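Here the chain labels run A, B, C, D, E, F, G and H in written order, and each chain numbers its own residues starting at 1.
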Amino acid sequence: RRTGVPEAVLCASKSGTQIQAILIAAASAGRRLLFTRLEPAAVEALAPECRALLDYDPISRTAWCGGPPPAGTVRDGVGIVAAGTSDLPVASEAARTLEFLGFSAPVIADVGVAGLWRLMRRLEEIRGFRVVIAVAGMEGALFSVLAGLVDAPVIAVPASVGYGVSAGGTAALHSALASCAPGLLTVNIDNGFGAAAAAVKMMGKIKD
Amino acid sequence: RRTGVPEAVLCASKSGTQIQAILIAAASAGRRLLFTRLEPAAVEALAPECRALLDYDPISRTAWCGGPPPAGTVRDGVGIVAAGTSDLPVASEAARTLEFLGFSAPVIADVGVAGLWRLMRRLEEIRGFRVVIAVAGMEGALFSVLAGLVDAPVIAVPASVGYGVSAGGTAALHSALASCAPGLLTVNIDNGFGAAAAAVKMMGKIKD
Amino acid sequence: RRTGVPEAVLCASKSGTQIQAILIAAASAGRRLLFTRLEPAAVEALAPECRALLDYDPISRTAWCGGPPPAGTVRDGVGIVAAGTSDLPVASEAARTLEFLGFSAPVIADVGVAGLWRLMRRLEEIRGFRVVIAVAGMEGALFSVLAGLVDAPVIAVPASVGYGVSAGGTAALHSALASCAPGLLTVNIDNGFGAAAAAVKMMGKIKD
Amino acid sequence: RRTGVPEAVLCASKSGTQIQAILIAAASAGRRLLFTRLEPAAVEALAPECRALLDYDPISRTAWCGGPPPAGTVRDGVGIVAAGTSDLPVASEAARTLEFLGFSAPVIADVGVAGLWRLMRRLEEIRGFRVVIAVAGMEGALFSVLAGLVDAPVIAVPASVGYGVSAGGTAALHSALASCAPGLLTVNIDNGFGAAAAAVKMMGKIKD
Amino acid sequence: RRTGVPEAVLCASKSGTQIQAILIAAASAGRRLLFTRLEPAAVEALAPECRALLDYDPISRTAWCGGPPPAGTVRDGVGIVAAGTSDLPVASEAARTLEFLGFSAPVIADVGVAGLWRLMRRLEEIRGFRVVIAVAGMEGALFSVLAGLVDAPVIAVPASVGYGVSAGGTAALHSALASCAPGLLTVNIDNGFGAAAAAVKMMGKIKD
Amino acid sequence: RRTGVPEAVLCASKSGTQIQAILIAAASAGRRLLFTRLEPAAVEALAPECRALLDYDPISRTAWCGGPPPAGTVRDGVGIVAAGTSDLPVASEAARTLEFLGFSAPVIADVGVAGLWRLMRRLEEIRGFRVVIAVAGMEGALFSVLAGLVDAPVIAVPASVGYGVSAGGTAALHSALASCAPGLLTVNIDNGFGAAAAAVKMMGKIKD
Amino acid sequence: RRTGVPEAVLCASKSGTQIQAILIAAASAGRRLLFTRLEPAAVEALAPECRALLDYDPISRTAWCGGPPPAGTVRDGVGIVAAGTSDLPVASEAARTLEFLGFSAPVIADVGVAGLWRLMRRLEEIRGFRVVIAVAGMEGALFSVLAGLVDAPVIAVPASVGYGVSAGGTAALHSALASCAPGLLTVNIDNGFGAAAAAVKMMGKIKD
Amino acid sequence: RRTGVPEAVLCASKSGTQIQAILIAAASAGRRLLFTRLEPAAVEALAPECRALLDYDPISRTAWCGGPPPAGTVRDGVGIVAAGTSDLPVASEAARTLEFLGFSAPVIADVGVAGLWRLMRRLEEIRGFRVVIAVAGMEGALFSVLAGLVDAPVIAVPASVGYGVSAGGTAALHSALASCAPGLLTVNIDNGFGAAAAAVKMMGKIKD
């Protein structure tokens, strides 16, 4: 935890046996531990007494063992903005990671720039955050527009939503990286976890 | 000319000898002819009497022989919107092609979305066009924002402006193609000529 | 609807729960709404009373709620040309979107350029359209040939039909963008919806 | 300046005429303005009285007009770490941008991970920064190692240093994005300016 | 020569010293030898007595030593079709290689498919060849149209003519490979030499 | 059939309904017709009386209706060489296409160049063919070695066999295109059909 | 076996029938033979008497027939280092191949560089090997760090572990190839077999 | 030097000032130091007294200061095989690096596989090496053929020789990585230095 944020267990290419062993080791040691990319089917495959150790959320496909953060320590200051309904799984991965790490972060959804007024209606609220996480797929035009409107640092999370040239999320990733709005930051496609970890590192330097 | 727009001479990979021969043939036949991607150095290399046949513009790197369109036939209805100063050569290729084909098209520049208010200030003017050509490099976020604000068809021309992931214009091209604004149309990177030709085809179907 | 065409609901990366909620909201508000990329299995998964609200077509994978366009308002002028039978789902997405938006558009299929005479036989009919949507996969040679033969604007829809270098539709997309026929326009791979939306924007500027 | 950082003038694809016009406009208005990617040859090409308006640095290829930040306002807290000597132009672009924006940021160079002890020797110093900017080309392994050792947010700037698969900087960019160190942030290849702008946005939320 | 065609000397990445040494060795041994991708500047740099050994053509950038094929042995049967003037250097590389190998092959130029009638006018002539070499850049639509019209084998040579997505010739290459015309064959981008060598291998199996 | 080879029906992206309709139309008209990429499951899904019309081979996934070529007309002269057992489906697609078009072509398998002696043992046999089709995946080194050893034209069919950088067949395709053996020809990845069609076009020019 | 290592049977694109035939041929001839990429389902599909001939390991998906290497011949000297648990299937493919070829190689797992101390704790042990095989996915930063710390040759095996830009393993592959640590060697993504074969070739030149 | 091989100075993206400073520091300290990618023009630009410190070779573009390895310590055992004359600069970078590190390595050139007998003639000599470095561009078929014929470890160095799909060396790199010859190892494109460093690491484990 020397870096302010702990590593999490990325379950996508782990076998059920591996996941269960890691969970039992953490639970035995009384360690809190976050699991990401944990598919519902993988949860089903766990032994029932293992499953009972987990707080699981199927939309974000995240789980943790060891309970919530200590009461009274939860902070705010981070906000999550998502372009469309399709981006909610990625936005939720960020929100759940933040929750696990002691932050309560609202998700403002469906503010894609094809209908600019939807974003404008929520702008005051967004301007209140100290760190903004933005999730968008397709062409990711939301990133530049948003970063041009707020003075907080904006972390772009390109989502693998789309087809043709935007299949896999590369078009949105490149929009984030090539943005003409100064100071936009990027993480890997679909990496809601990484965006949340970075936001927590920033908040660690900001005293309330 | 069965398609409403004539072919032009793309000079980029032609030798000086080839360009001169094509020009002489057209001039001898009294044919009007448009040359694109004609570098200043290539114009310098022409025989002086050939150079004298051309109306050349170094910013757009376009030239034509055979004089302007017949007086009294020039139409308007097409507008060109450019995100930044770096996009002006491409925007000018469109404007000059339109001029050659009988259309007078204003260029509205420096309205990139990193500063949204700059676009908003010009919006009423832009909404007056029947066909809009939009030129942008970097991440091309302008395309989606614009197409979400006007009811005219919008033709995106991605510009090869930028570096890193936007070098060569692919990031802007993919933004245009993946746009979540319904009905955005695209041509090849830097293809101001093609966008103008398409606009003329559309205007050919629209009676004043 | 400020842009002349409404947004549609792209169902590909939405959960059943999300789709159903959007449908119920639209139906309750008496709003007409188009759904694209709606797989038969997703329709099956809807509650029966929701399914009953939809006019669904499994070939194009489109649906709408709120009934057909008002009687007596349907226009023509747009035509759809498809290279092969494999391109019909994409061509149908365009046709159904046009139908939803108040246009009746015939589909002329199986006119790929490997057998040029098939295209030539239908040329007069195609020349009658004011806007042409062309759908082709593989190498997309149809786009250039067609755009060189008609004076209406042509919108190319590259289809993700093919294998090897044409798997995913990129070869056809690049053919459309690099076409030496002046004025060809392109939308994203498989984006029949976007081509139809663009055609409607053009037709909005053309009075009958 | 609503976003906490002003836009700068990216000179790479602007003509001498354009750059000069922008400079004169800013100087006349008494506005401070930053120019990036300004090649020595482009500076030479300016009129002498224009050149005299600029504080130019050839290593970073940056210049500004309007003088230094107001005395007594310069803050620290941001540090720049560069893997090798080849990364210094990019690191300097970040340092100069920070200087223009009122931050004094030391550059710690030649700490690439092929010789890990070089990095370890400077670790305490690096751990003192509130925001770390890391510049590396080739495979960019420095990013992950560094982000695993410090608790400040780390902004990776991939440099277009290398050849073969690392030519152009994509290998380093992908290393930054795919890093297994939680919370690493990325900007475009060679984008020292963008990293500095993001650091300033973060520092704007951190009171001394 | 066990394969029916000799290797040629690809000069593109050889130093002047290397080329001169190879030439002298061949001339001393009285061997006929073909040089490709030999730039005018490289010919200039040769010692005058070496230059005198070469039959050099600057358009195709080919040269040979050892004189023409034996009189009375020259065959015909191979034809070369080029889409535009820009494709002539590549078409000439094929023609000159064929000449060196004992075949006289006419070049039919400027028959790109954007103006289909230009191709149709020359069709009977093209149908007379036993092997057809087709050269085209941009989107390479010529390949499919041609292969659908003739019963001879067609060898596509994609040319690196174009910009944006067709820069470098990949779009034309993919059109050739993905062609829906059965039996189209392809060689590398700009490889006029290879197409000629393949044509000679075919002609070696066809007795007059 | 003006091109010497008929088009075939590529079933990969056609629905069962479409395939059945095409089959019935051909059978009713008494037309022989070849189907490629026809999966066993798709054959199973046909109505039994339709299935009965087909001569189906599950390894090559090809089928035809209308019976074998007329007795007494079958020619030889074409040979197929495959690097490994994994390449047999693609090799069989070529062999079956040739059979449908009236050619009997032996398949020489398991002669990949990692064990060069295996190829050498079969060399005399291979040298007897007038046209050679070579199928190889992984790195496709077989193509260059083979084309350097025989004087017949060699058609390379890259197979989508392999993983990592050779997944999808691009590495083998590029080996074929970049081969330093003069005169190697290429078709699309996995395109056994196209290679066979090209071989038939060549054989059409070669009288027995 | 002229190369010191025998070829193995890559089962990934072979049918059950093909695998069974190869196995029976080897067993009948009393030949030892290694099978890689043999999925559990493919083993299940074998006839029971065939299955009984195999020593199968589902984690590495490897099998062999013909029994273990002769007793008393097993050597050590090769070590395998894996960044995370997700890399164990690839690491095991290497370990099992080494076992088949007569080498006993320990696997040191979970030493990724995001937590550098984990690697440092095992460094003495790793420094004892004469050849090191390193397996890592994501960004593959482990390769450079490791190769900068040991004097044995290091063979990098990039693993197809990750998502977004690291999906498929290309990011890790490029890190290995572009490494700034002198003398790092690479094999294809997921190619544990190839790394082991190379290690055996090296050990063949090193006498105990 | 803890890794058995020292880092070298990659001059490609360093300024003349930087190179000179590094050289003077090494010379003052009496340290031997290798410089790679040092263009003749960069050597010319050095101060004469600096130039005098260097043993420079323009073909390999390498230089060193500090004199040759101590007399009497030079070993052999490493051989370099190059496919063509164009590959000699890369082969020489490997040979010069080996010389600097105390190894005398012969270069066997012009043995590309398009003429297999050329390789076969030199095979016995090649089989005498304990480590083989192979350099090839174009399609890199030499790598697989060679690795299938010798029992020493083979290190492939793909060269950026070729055009079209082999421009930049990626086709040869992928051939090396995807090779079906077990145990082939790869370094980055043009990385003769890295191949030599790896060979030295191997030889460090092999006692004479």
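By definition in this document, a contact is a pair of C-beta atoms (placed from the backbone, for glycine too) under 8 Å apart; a residue touches a chain by one contact, two chains touch by 3 or more.
This is a predicted model, so every value here is computed, not measured.
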Recurring contact interface, reference F-H, options B-C, C-E or B-D [over half identical by residue number]: C-E
Between the pairs A-C and A-B, the one where more C-beta pairs touch: A-B
Separation of mean Cα positions, chain E and chain D [Å, integer]: 49
Distance from chain H to chain D - Cα centre to Cα centre, in angstrom: 35
For chain B paired with chain G, centre-to-centre distance based on mean C-alpha positions, whole Å: 56
Cα-centroid distance, chain E relative to chain F, in whole angstrom: 27
Of all residues in chain H, the ones touching two or more other chains: 7, 114-115, 147-149, 164-166, 170, 173, 177-178, 180-182, 188-189, 191
Touch list for chain D against partner chain B, complex: 7, 10, 12-14, 18, 22, 37, 158, 160, 168-170, 173, 188-191
Chain A contact footprint on chain G (complex, rising order): 85-86, 88, 114-115, 137, 161, 163-167
Chain D residues within the chain G interface of the complex: 83-84, 112-116, 138-141, 143-145, 147-149, 162, 164-166, 170-182
Chain A residues touching chain D - in the complex, by the definition given at the top: 2-8, 130-131, 147-155, 173, 177-178, 180-189, 191, 193-194, 197-198, 200-202, 204-207
